[in-house]
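So that you can tell them apart, the chains are marked A, B, C and D in the order they are listed, and the count of residues begins at 1 in each.
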Amino acid sequence: MNAETQQQVEKLRQLALQVRNWGKWGADDELGTLNYITPEAIARACQLVTAGKVFALGIPLQRQGPQSGTRQRFNPIHAMFRDGGDQPTDIIAAEGYGGSDDWIVMPLQCVTQWDSLAHVFFEGKMYNGYDAKLVTSNGAAKNSIDKTKDKIVGRGVLLDVARYQGVPALDPGYAISVDDLEGTATAQGVDVQRGDLLLIRTGHMSRYLEKGNWNYFDLDSAPGVSVYTAAWMHAREIAAVASDNYAVEVRPSELPPFRSPFHICAIPNMGLTLGEIFYLEELAADCAADGRYAFLLVAPPLPVTHAVGTPINPYALK
Amino acid sequence: MNAETQQQVEKLRQLALQVRNWGKWGADDELGTLNYITPEAIARACQLVTAGKVFALGIPLQRQGPQSGTRQRFNPIHAMFRDGGDQPTDIIAAEGYGGSDDWIVMPLQCVTQWDSLAHVFFEGKMYNGYDAKLVTSNGAAKNSIDKTKDKIVGRGVLLDVARYQGVPALDPGYAISVDDLEGTATAQGVDVQRGDLLLIRTGHMSRYLEKGNWNYFDLDSAPGVSVYTAAWMHAREIAAVASDNYAVEVRPSELPPFRSPFHICAIPNMGLTLGEIFYLEELAADCAADGRYAFLLVAPPLPVTHAVGTPINPYALK
Amino acid sequence: MNAETQQQVEKLRQLALQVRNWGKWGADDELGTLNYITPEAIARACQLVTAGKVFALGIPLQRQGPQSGTRQRFNPIHAMFRDGGDQPTDIIAAEGYGGSDDWIVMPLQCVTQWDSLAHVFFEGKMYNGYDAKLVTSNGAAKNSIDKTKDKIVGRGVLLDVARYQGVPALDPGYAISVDDLEGTATAQGVDVQRGDLLLIRTGHMSRYLEKGNWNYFDLDSAPGVSVYTAAWMHAREIAAVASDNYAVEVRPSELPPFRSPFHICAIPNMGLTLGEIFYLEELAADCAADGRYAFLLVAPPLPVTHAVGTPINPYALK
Amino acid sequence: MNAETQQQVEKLRQLALQVRNWGKWGADDELGTLNYITPEAIARACQLVTAGKVFALGIPLQRQGPQSGTRQRFNPIHAMFRDGGDQPTDIIAAEGYGGSDDWIVMPLQCVTQWDSLAHVFFEGKMYNGYDAKLVTSNGAAKNSIDKTKDKIVGRGVLLDVARYQGVPALDPGYAISVDDLEGTATAQGVDVQRGDLLLIRTGHMSRYLEKGNWNYFDLDSAPGVSVYTAAWMHAREIAAVASDNYAVEVRPSELPPFRSPFHICAIPNMGLTLGEIFYLEELAADCAADGRYAFLLVAPPLPVTHAVGTPINPYALK
């Protein structure tokens, strides 16, 4: 390792240790910052729903999706086991009584998704100090996504940084700062509270939606949060953070050769659950229209045992 | 077709036509009874949440699951693309910075799930009169599950028929009647309203949970709703019905040679969304304890395009 | 259908009917021209092997392969169930005794492969008059690839048309004619016999091998056999034909709007087994060097029941 | 580790070191005993084919197969992408011109198969001393099956031990000894030569074929070769060994707690390629009838890069 790399390693190490929550909720904890969500906060968040509006934040699962095949991630492959064109096989079927069945092959992080706390390692460790080697070919023995099965619901807050800056989308490579987050919150008249599920809109996804294709969404440079926002999230005691880009954080990385320095602070050190590829366009338009940026967010993971991620279709309810 | 079969066909046909909702919400509708859910009802349902309790109703996705392989349904196959035991490939990885990635192969109806309205055909037709042949190898051109992507949230009501009858679980083969449903509602002090998401507990799943394995859950006889409850659900304008058995309805069938006569009434004719393999044990215990059988139910489908079902992890919030 | 299309349909129909072999080997036949291979021919072909040279004609199965995702064909997805980095789980494993296991997801026609006789339909029929509807979601009830499980071995003959024409590769769009085939055979000093497995080299694959990537191999224009060679193959009583391009036949098609008119003549009408994406470079170089263009070809299909294609790794033995 | 286990470890270690071939073909070798096959031997083996008979030794790939799901191995899942019941989508399709396409999900060792030399580890090493950690989530960096892509053809010899002992099938748990192998060869009048591909028939598979189902084939006790035959194979310089049971070797193991002691000697130490689940019934009957137990065996692996096994359909030609 050369001196420059060594310096970056040290820099990231300091940022990471600042936000480390290991042991905070006990030596056995596998939930991290989701522990900030209280029953009281959930009940209060439900009271935010007055209009009965529903915003589904999951993108479609289909062959033409955001994955280019890097890191072995491909788009969902859906196929049928039975369909409406099958020749009848018995008298009842001959009368037109039948059915259909289907299946899917997909990376668990190929669409709108939650990362589990087993998704990223720091110095050979996962969140709460678990050894990275506990993630084997059989999956994650600790910090798997099913541990959060009844945990991901609470007060959602949208910080629409793109709208705050008066642009349809932040520039690729733009690193969202703490000032951006605080400025947006102030401008929107919303406070960020302990236990919030924070949605940060960069507008980046709108570029692909307008083009009508997802090509290179996973590979292109993108706006996203700066690694230096990790301490702010830590201080604010955020429960989870999600964004409308591929990886929450800015691309290219602020701390090369690390590809995802914010991830390294957030997941293995802070124990912060991250959500990616969130579709925020309709929700953001509605928040801008009524000036209400806080809502109920319900985003249940699929309880896949030993899994390190999960596709989701979160509901924001206002 | 012999005379006896012909008689059964006629009987089912009459039951089915009684509950048919084709055209009710326009010739282009693909939502069926989910149309009964109004923004007002959603807002009211959210106000039911006062304690901030969360009940996750999805069973684990794992190799040891409820599928025996019939109808080509198998249990989820989960595997890793990257894990914590992989040899480092660069300097950064050598320092223990790394990550994990995974994927899954699964039938979309292998665990707790919603059937789409393209799942069952009646006389060669789907709900709203769409031709069954619109479900091809490419999936469903109409009535696919992604059409409901922002639709499955509302007032949930649990009818715990097993508890009403004072048994841990109804007998296999027991057909739940309208009297059972009404008696349960009365005893529990809950009214069933237009647009409700109705959860019916038979207790059947508890047999497998106690044994600690799912073997033959999909093949065994089971208690479930009678085909004769379809008219009641139609009259009550229920939005969706789910249960803790494999197929909502009783097994064996009340109308052989039809295997799933209730499905045939509900899905292609009424346009009623059905939910299967719901885990209701903890929710039911809580409802019995506090006497409150109505709650907020949020059960987002994965928006898989052209799909005829979706795995889910519904949240009941009280 | 407009007049021009109608004309093309008629033209193709005539070509197809000329080469039709329905009923030739009985009403129950599912092998087609593979019936031309006799035990005597196999024994004679084995006697051609004097040097003990082996040429493997299958391309690698890997993520970077020839499929762009059209017609839902993707490249093979390979992953591990167990690997050498997994943490030991018992005393024996702790001593370094362990193992590895893997799996694959792949279209059966994604690499070097045989088409089954159920792969293409003509006027709603498969080879030998079987109804195309016999190919359902459950696969092919007739003409599936496993029917040929012990049939694909015999005398292989290479016609290296590119070398005959003195070019590294024929031009994209070049339609190989009967004259080309006969001229090549004469120049090479090889006769084409009844029951031969005919390999036709266009040189097209070498373009991609030289570039070091397969991008658009499946979509690009390509040299290949003309639809007008079907009658010649029929007269010569060829058992199977394979080539080093994506589809044996020339692209773009000589008979638009048909995409694959040669396929339509060959598979459902003649009952001719086609092989695609064959790696012929080393074999061709060797044949040019020693002047021997006939050899033993052994190309066993995987006996996947009800399948319409199979990946293969054929051996040419000289 | 207790004293008894320690003793078994030592015993196996001695057996393994006796047959170790590391370095024998150079430090870079990844082929092991397949190196014994010479061009001359291949040419001679081809001359054995006089009748033109073909025996396909691969079992069907289908849902009802030999896998019970242990070690994550399941039976092949085959499905269609396009089929003959699909509604026409254009004018040409409306005329009945169409086609079918399919795909498969399968463990690479779920049917008749070759193990690669990366499949088993001994004291943290693979064949030729490569570190087991070179087998990562990305597959095997050394000793993968594609390295053998043009290597698995040669003189096949069947030793029909069951027939030699006058039984339809050896008893489950019966360990085939060196005496059995030599006695069989003598009785059959066949000599085992350097570079042979040795097929050993136990008759065990016939039990399942007669029952008409494969249930527990992978889990049941079975006859198979003794760990003490490894030295004999080493001395004879066999190129590969295959059998009609699940794991070549006897089950239960002769050296518990090792589950597969013969594998440990053969694969990582000797570098011997093993073949499993071979269908030998028809070949054996023919050999018994004509008294010729030597033949040409052609068993090409699928060249899956980085893979640790491959499904095959070997041809025995006589």
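We take it that a contact is a pair of C-beta atoms (placed from the backbone, for glycine too) under 8 Å apart; a residue touches a chain by one contact, two chains touch by 3 or more.
Model, not experiment: these values are computed from the prediction.
Q: Fitting on CA atoms only, what is the rotation between the copies subunit A and subunit B? Please report it in degrees, nearest 5.
A: Rotating subunit A by 180 degrees superposes it on subunit B.
Q: State the pair with the higher C-beta contact count; candidates are B-C and B-D.
A: Higher contact count goes to B-D.
Q: Are the interface residues of subunit A and subunit D largely the same numbers on each copy, more than half shared, or largely different?
A: Subunit A vs subunit D: same; shared/all numbers exceeds half.
Q: Please tell me the distance, in whole Å, between the geometric centres of subunit A and subunit B computed from their C-alpha atoms.
A: A distance of 27 Å separates the two centres.
Q: Per the centroid of Cα atoms for each chain, what is the distance between subunit B and subunit D, given in Å?
A: Their C-alpha centroids are separated by 45 Å.
Q: Give me the residue numbers in subunit C that touch at least two other chains, ranges are fine.
A: Within subunit C, the residues that touch at least two other chains are 72, 79-87, 103, 105, 133-134, 136-138.
Q: Linking chains that touch, what shape results: line, ring, star, complete or other?
A: Topology of touching chains reads as complete, every chain touching all others.
Q: Sort out for me which residues of subunit A touch subunit D in the complex.
A: Going by the criterion above, the answer is residues 79-81, 83-87, 103, 105, 137.
Q: For subunit A, which residues are in contact with subunit B within the complex?
A: Subunit A reaches subunit B through residues 1, 5, 9, 38-44, 46-56, 58-62, 71-73, 76, 78-85, 90-92, 95-109, 118-126, 131-140, 146, 149-151, 153, 257-258, 263-264, 296, 298, 300-309, 311-315, 317.
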